[in-house]
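Below, each structure is written out as structure tokens.
Next come two complexes built around chain A: one with chain B, the other with chain C.
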Partner chain A sequence: MNMDAQLRTPVASNRTRRVKKLWTGYRVPLILLAPSFIFYAVFVLLPLGRAFQLSLTDWNGLAPTMSYVGTENYTGIWTESRFLTSLWRNVIWWAMHVVLAVGSGLLLAILLSEVGRGRFFFRTVAFFPHVLSLAVVGVIWGQLYHPLIGLINASFERVGLTALTRIWLGDPEIALYSVGVASAWQAYGFYMVIFLAGIQSIDPQLYEAARVDGANGWQRIWDITIPSLHNTMTIVLTLAFISAMKGFGSVWAMTQGGPGYASELVAVYVWRTAFQTQAIGQAAAAGLSLAAIVILFSFLFNRWRDKVGSYT
Partner chain B sequence: MKSLLRFVREANPFVFFALTVLTAVSLVPFLWVITSAFKDNTEIFGSMSLLPETWQWANFEAAWLGGQFGRYFINTIIVAVGTTAISVAVAAPAGYAFAKTQLKYASWLFYLYLFGITLPIESIIVPLFFQVKDLGLVNSHLGLILALVGTGVPFGVYLMRSFFRDLPDALGEAARLDGASEWEIFFRIMMPLAKPGLLALGVFSFLGAWNEYFLSILLLITEDTRTIPLGLVRFQQTNMTDYGAMFAAITLAIIPSLLIYVVLQRQFISGLAAGATKG
Partner chain C sequence: MISVSRRTFVAGAVSAPLLASTRLSLASAAQDGAQGDLSLAGIEYSYSPAVVEAFQEANPNLAVDFTGGTISFEDGQIQAVLQSGEGPDAVNVNSGPGRVGLLASSGLILALDDFYERTGAMETYQPNVIEQIQNQPPEGETIYEVVEGLDVFSVYYNMDIFEENGLEPPQTWDDFLAICQTLQDAGVQPMLLGARDNFQGGWLFGNLVQASAGRDVMTEVIYGEGDFTHPDILRAAEMLQTLVDEGYISGLEAAALEGEQAQAAFGQGQGAMTVQQQSFPISLANDGAAVTNIGSFVIPSLNEGQPAAPTAGLAHSWVLNASSDNPEAAEAWLEWVVSDEYLQIAYENGGGLVPARIVPEGITLPPSVQSAADSIEEGVGYNPSVYLPSAGTNAWYAAMQQIITGQATPEEVVAEVQAALEESRAG
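So, the complex of A and B:
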């Protein structure tokens, strides 16, 4: 104890001096940064640390004690078919998001950049779904998909395609895709706006030169617009990936992961495991696994895109 | 409207057709929900006609009484205004610090914030819940507001940094030569110039908090604290058979968003685009 204190004193005073020096030299930026850092630390960094700690325990959320079980939770979920399947659903969800939301957003942006008048109207309408809460979107699509009164089944019946009517959210074969469509519907106006901003920053002289060379509309789009959107595309695809890996809101508002596990994404798995099964350690391990995937992929994808480089 | 008609006359038919289809995809669900809100149950079941035969206001009465939409609305305003005010107040100084001041290890600290942007909040819900619980703020709007500020701060700082970085350094230097203190430079010169950035972040935070669903489910538990998204989902789960009232409830939930959007749509769109592409 005594020796310990003796050993520590010089180190401590050395540290105090260093802190003091940092304080006098950087008082203004430190004060400016402090509030944001406190918020960030309390609501993200500390919980993140605690998530890691919990992921190594068998805590059930209520018991006064918990015991450390090492990496058991991680090996548990990464060999559990329910977790792996929920991760696979996120991959499907991502593919749907890229094709439906990013694809339609890009198409709309290109079409809008081709028209002079009326752009404002179309942009306003197409963006509106994005202004709504995922919960509201989920409720609206819950009605559209309604087996009895929903617009989608009613339209199929009306045009004589009764064979195509489905119990869109109640059929385990298609529930995931039904929710995915609703989620893409909410997102495509957002991607359209980002693509439009990207298209507007393309040098008009490129188009002028292409026109002089006699390029047609398709060539202009294919040879100038798309390559010039390299950086915009990187941003959009990264955002689409992050958003597809989450996907809690739409699912929770529409199916709560059901029927059974049919539309359970990882975020829903985490929620159910934590708050319904009370397997806190396992839920924390699943959540951190998701975070690792998202961060690692975003980082590597952006590095790769930077390396491939922009054409402009 | 006039320019729209001219557009219809002038546009290339393929472009016109594709645009109409894509726009209809976003518009039709709203038209269907809003017109159905004025139909009674027999008409909702029986007919496909777009407009109701007789316009029923009873559905809105049922929705208003069945849910507590007045309450939800006030709760949502509290959460959105509180989150926006604190977010901007906290993120603007930090963004300025990263953009315009010299701080040792600033780039490492900035990487830490960037990390927070990519980190999905879904992955830390469990400890986040216990964190708010330990602060005694579960089931309170304050708890939700603080958690939304905390989880939104990395992005807010990132966005504000890019706006402040675009301001010329010469302004600060000139003021410094005139004897202005660092605080005067920040509050009197830089903050007013960063108004577009503050507005962009404000719109972003407001919209995010207005629509927030994920942390709200976690942290708002009783009926009297619910916001519009929570209230509407709840209403759908508890009113399985009164379809007219359901459509009316959706319409009630959409109206405030629609109004805000129509008034502020330029700010919305440029704010969101700046949020995604700045940096």
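So, the complex of A and C:
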């Protein structure tokens, strides 16, 4: 045995021992996690890696060849007003989603938690829109907003509020908001269920003590329910952000991002760029940029909430 | 990816037995030896079941599977289908250099020069169709598609409404504007448009471009280095804006309506005019609407001495998947598509496309299709939605929507389309 081998043998055997120990200690969790990880790797990590690779090329989605263009696609989109405007629309979309979908979900959860008889029925009815696909929601609301026969305008006219009638999906000033309302209608049931679960986990003794102290309904909600939903709220707001940032289905079904680009969100921009202008590299760069924003914001938001939570 | 109903047609003739037997021999004669599985996919016409069935009967050794539904280039469906390395043997897709040309450049579909040579289709197809499908990327000579038919776009009007208001089809652009004004004064919506899904808006804008700029200017834009900011094209954008500004088209309403919704509204008499293709009266009739009171005219040319012409474009084309497991059977299908019998069955079963081939004697076209076919012979303009490259088409549709909703000026939108064209030409 030469000097090298003599020096390495104890190190190698130490390493083997450590791996063995690790395997013995974590064998079960590793085996249990393996299927999920394989799925995650195949369906998330690999496509993500492939998308990143494509984002550095000028591939048109069809050609057998592509050229490496470096970060050109990234600099291109971050200096393009159309992309930046679509990103800003995502922020508006998120704000609408939080106010309309999360707000309605919270309100309904609080109200339903007070309902005694028929609770199950009301919960089911309130949750119903969420079981509809976005395509179906698009068709339903497309008919409600129909400029010639739509129920919304017809209702306004019937009650003498003709001044409130609008071309809901054709007016570039309001098209995004009109679709946002439809999208929130589809989503609020999901947040309602999460809030209901959060409310049910609040200790009833807190409410009893508050009643004994003379707290009214509003005070019980404001001082007990809302603070107790801190962790639930963090989850809901994170989910709402992710959901709003990847908003696509309802917009595509109702306006396809139009009129012009008036309701174009980033996901719609990605779709149009990829499949209508055949710029797959640019579309991949936009998609990955959006993903990076979502991941970064979610991370920072959750850290901030943790910090705030530790003071409460 | 394909949201369609899956059908396999195996039995049951719809044609008269004698006629069917004649066709059987004709359809099978040219396709001796084709056997195995043949999968077809694409746009489903009213006559698709009948032609597939006749082909299946004539080729008992083939198991024909037709998947009907829209396979759109703009939705990325056709690209995904062909790139999968599987997919149908033959696919019916939207025609045009920005579509079929791209598929050909990428090696996803097979060249068909030998097919045209062997079957004599080069002689039986309209020369202008052959010219168009030859003049495509990548080589500019090779043919990659068999055109199913063409669409011709013009203004369709409600003859009863015109008569009630003492109106006649216009001879000049000023006449056209005067007609719109008369209708508006009478409380009638002059034009109905459904531009949410782009197509109909593109047809109207294309008609205005033809009226203002004519074919030569657009030939240079599409096939040469012509500039989309050409004063005559800019004037077309201004004409569209005029129609909206004067209220002859409700721009916001048009942006909210889909083409079919506008079509239905026209059928119900909610407007006096609309821009449609030749199959429009046939579709209305199929929906049970009265079509005897519908006439059509072409928007008059603004250039003195130039005759008014509708716009037209290749509608759909069959292409052969380069990864086909059974190219012989796929070619046999194409042979059937270019046959006289196929055309006859198509028109007996509600076909509404203008034939891409020279119509053989004995086949009678529906009146609106015949009229459109005649106009093609007299000369038509381009439907830019078909002929612009894909990036240009996207900008073209956005331009139309931005004008009708007042988001951009004509100068801005033609500059945007030009920028997209330049990018496309450079790429």
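Note that the second predicted complex is superposed on the first by the 270 of 312 C-alpha atoms of A that agree within 3 Å, B and C clash if a C-alpha of one lies under 4 Å from a C-alpha of the other, contacts with A are read in each partner's own complex, and residues count from 1 in each chain.
What we mean here is this: a contact is a pair of C-beta atoms (placed from the backbone, for glycine too) under 8 Å apart; a residue touches a chain by one contact, two chains touch by 3 or more.
All values derive from a computational prediction rather than experimental measurement.
When the shared chain is aligned, chain C comes close enough to touch A:Ile167, but chain B does not. In the superposition on chain A, contact of A:Pro259 is made with chain C only, not with chain B. Ranking chain B and chain C by residues of chain A touched puts B first.
In the superposed model, A:Arg272 lies in contact with chain C only, and not with chain B. When the two complexes are overlaid on their common chain A, residue A:Leu148 makes contact with chain B and with chain C alike. In the superposed model, A:Phe39 makes contact with chain B only, not with chain C. Contact with neither chain B nor chain C is seen for A:Gly214 once the two complexes are overlaid on the shared chain. Contacts of A:Asn60 after superposition on the shared chain: chain C is touched, whereas chain B is not. Looking at the shared chain after the overlay, A:Leu239 reaches chain B, while chain C stays out of its contact range. Shared contact residues of chain A, touching chain B in one structure and chain C in the other: 148, 274. Residues 3-4, 6-8, 10-12, 15, 18-19, 22-23, 25-30, 32-33, 36, 44-45, 48, 89-91, 93-94, 96-98, 101-104, 106, 109, 112-113, 115-116, 118-128, 130-131, 146-147, 149-151, 153-154, 156-157, 182-183, 186, 207, 210-214, 217, 228-230, 232-233, 236, 243, 246-247, 250, 253-254, 257-258, 260-261, 265, 268-269, 272-273, 276-277 of chain B are the ones that touch chain A when the two sit in their complex. Chain A makes touch with chain B in their complex at residues 22, 25-26, 28-33, 35-37, 39-40, 42-48, 50-51, 54, 104, 107-108, 111-112, 114-118, 120-136, 138-144, 148-149, 151, 154-155, 158, 185, 188-190, 193-194, 196-198, 232, 235-236, 239, 242, 245-246, 248-249, 252-253, 266-267, 270-271, 274, 280, 283-284, 287-288, 290-291, 294-295, 298-299.
Residues 74-76, 79, 83, 102-103, 105-108, 195-198, 250-257, 261, 265, 270, 390-391, 393-394, 398, 401-402, 404-408, 420, 427 of chain C are the ones that touch chain A when the two sit in their complex.
Only residues 58, 60-64, 145-148, 167-172, 255-256, 258-262, 272, 274-279 of chain A touch chain C when the two sit together in their complex.
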